[in-house]
Amino acid sequence: MSGKWGIGIPDTEFIRGKVPMTKQEIRILTIAKAGIRPGDMVLDVGAGTGSLSCEAAMQAAGGGGMVYAIERNPEGIGLIAANAEKFGLDNIQIIHAEAPAGMEGLPKLDVVLIGGSGKRLEPILDRAGELLKTGGRIVLNCITVQTLMQCLNYMRASELYKYETVQVQVNRWEQVGSYDMAKAANPIFIVACEKIK
Amino acid sequence: MSGKWGIGIPDTEFIRGKVPMTKQEIRILTIAKAGIRPGDMVLDVGAGTGSLSCEAAMQAAGGGGMVYAIERNPEGIGLIAANAEKFGLDNIQIIHAEAPAGMEGLPKLDVVLIGGSGKRLEPILDRAGELLKTGGRIVLNCITVQTLMQCLNYMRASELYKYETVQVQVNRWEQVGSYDMAKAANPIFIVACEKIK
Amino acid sequence: MSGKWGIGIPDTEFIRGKVPMTKQEIRILTIAKAGIRPGDMVLDVGAGTGSLSCEAAMQAAGGGGMVYAIERNPEGIGLIAANAEKFGLDNIQIIHAEAPAGMEGLPKLDVVLIGGSGKRLEPILDRAGELLKTGGRIVLNCITVQTLMQCLNYMRASELYKYETVQVQVNRWEQVGSYDMAKAANPIFIVACEKIK
Amino acid sequence: MSGKWGIGIPDTEFIRGKVPMTKQEIRILTIAKAGIRPGDMVLDVGAGTGSLSCEAAMQAAGGGGMVYAIERNPEGIGLIAANAEKFGLDNIQIIHAEAPAGMEGLPKLDVVLIGGSGKRLEPILDRAGELLKTGGRIVLNCITVQTLMQCLNYMRASELYKYETVQVQVNRWEQVGSYDMAKAANPIFIVACEKIK
């Protein structure tokens, strides 16, 4: 790992503009379930601010580990670059494209993270499956019923994967004067898939 | 019941300004756990916009049932009156005071609702206990650890009550284009106490 | 309303055997969102133990209000009858069938509750739509992603309805010695649909 | 890190008997918030099955990093030893004592994990504070209102710490035939404290 953080950089450390960002606890669980190790080849689809890409790059660092971050939004491209620089990460390659475009020419992958799929989940999963090594993992974060259902349908129809699904809700209890008061965050579905063939 | 609503008036029906309001699902559960019946005498402490008072008044209507709504905030006083008028409720008496002030001179009560206690929870519960009939209910909504703990400590120390506690979290799934997307609301602790002596 | 309960009979009051039962808080929210009023004609599909049927029957009582409870499981049929008798409810008609069978010959309906659909959700919703009055409500409880998705797809494709979806999670905080300790219950999706045409 | 796991060993991999065990997602978040790095000195109070100790030991491995696991229950002691052996971890020292007993003679610590405090939270925190380096972290898992409140009261009264609190609820969506069905787990409060002086 590089830098002072292990896993779970505080939200406030990222440069983010107004681009939505995966919250710390969801990032931690996503990265942990992806099981990224030094030397791993990782693809982050719909990288947004690059918060997941940065966490992944820290885990993959060493032994030639690399994170490919695909993002269609130009503002996001700038933020990924800025965050990679801020955290001193030289193993993130930024690809400005709308996936599955941008997934050509990638090496064999250990891990695919899918935070955003822009209504093209199936072709992205098809292409990811071709790139993924046996034993590799796909971890998806879903915030809508439709994306979750597409993902579950895909995994159920495929014989390549086994998967597990959790829905995680994190309530932050903020210190307000002499009180600790609940502040909810939206629940996220995390689907962790392992390529078994 | 008066008007077209049973229990659970939609949030958007209330006149509210910027005063925080108990959300529909929490109102429904609070009123249901209070077990308000026609003819009941009800006290609503920290009435805010009067949303709970209005729901309670609909359930208590008939047979002389009455809701006493105590609120310290002048803006709240105006909102309670406006909402009572909007829903055609003539069985709400508004008391502009900071509880336990304003609790003198009330009749014996069937139900006490406590949505806000302004750091005076113990004296409010003391006075509520004097007013409450045997078999009557106190239902509290708590949004901080401290208020919850005070309430539990009080109920555990008292031999007058048995209580049950639930924490309720309601995620609304909003229709955004072709997606249904989660939108969290803050979790609320509901403590329902029955006076058994 | 008949009997001593308003809305939200405690779980322990029902005769239930080993048949799964809708928990109190979910029953309360389901019945409240259904907006059942005295005189209403209500259909409960997949009635199970009859817990929702009993609550609905209490709200519909008076003015000829009636609840039709369809259940395919013979054990359930016995439990519905036993619970109706226990709560002194004479406005529940039990139909031993697997919906949409059993939905012929019903009168026009104000409310349809769907707790269980046994993989036949679409034909049940088709038939419910024919029976439902304009302004009537369908309220579904879903515990799987698949049933939720089917329901949302149906409502989105239809021009007859508007709908809202909430996911509700209730943690009970049990009194264990000197501690109050969380005990989770499974989250439920409640989809409340109004027939607008 | 040693072995094949990064962070987040599957629950089924641990030898556990009937001793309660911190679930995978909570372990992941606890370890991540503790920010354990190679070479760190870690204390695990109320180690139970040793699941947190094992995860901590993997993160602390290298550079002399060590985990001290205190547990009062003899069955737990055996399980910690069995799990350490299973995962090939030689940097866990097991201490059979009821904390704060067993905390004498420990070196300066980078991290203290508190999963169980057996009603002695204050003296445990007092002693932990003496052992903890400036910049070190205490991470507590609380499942009762009372333990949470004690912890928050302690941290609020102390000038040594800043803290953050999250409540995490993880619903597992199990594959049951053609359905994915919610299975709730109890919510946990995680309080992460940093010693700032």
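Lettered A, B, C and D in written order, each chain numbered from 1.
We take it that contacts are C-beta pairs under 8 Å (C-beta built on N, C-alpha and C of every residue); 3 or more make two chains touch, one makes a residue touch a chain.
Everything numeric in this text was worked out from a predicted model, so none of it was measured.
For subunit B, the chain with the farthest CA centroid is A. Counting C-beta pairs in contact, the pair that comes out ahead of the other among A-B and A-D is A-D. Inter-chain centre distance (subunit B to subunit D, centres taken as mean C-alpha positions): 39 Å. With centres set at the average Cα position, the gap from subunit A to subunit B is 43 Å.
A straight line joining the Cα centres of subunit A and subunit D is 26 Å long.
With touch defined as above, residues shared between interfaces to two or more other chains in subunit A number as follows: 145-146, 152, 167, 169, 171, 173, 178, 180, 182, 187. With chains as nodes and touching pairs as edges, the resulting graph is complete, every pair of chains being joined.
Looking at the complex, you find that subunit B touches subunit C at residues 1, 5-8, 25, 28-29, 32-33, 35-37, 59, 152, 156, 164-173, 178, 180, 182, 189. Those residues of subunit D whose C-beta lies close enough to touch subunit C in the complex are 143-147, 169, 171, 173, 176, 178-188. On the side of subunit B, the complex with subunit D involves touching residues 145-146, 148-149, 152, 167, 169, 187.
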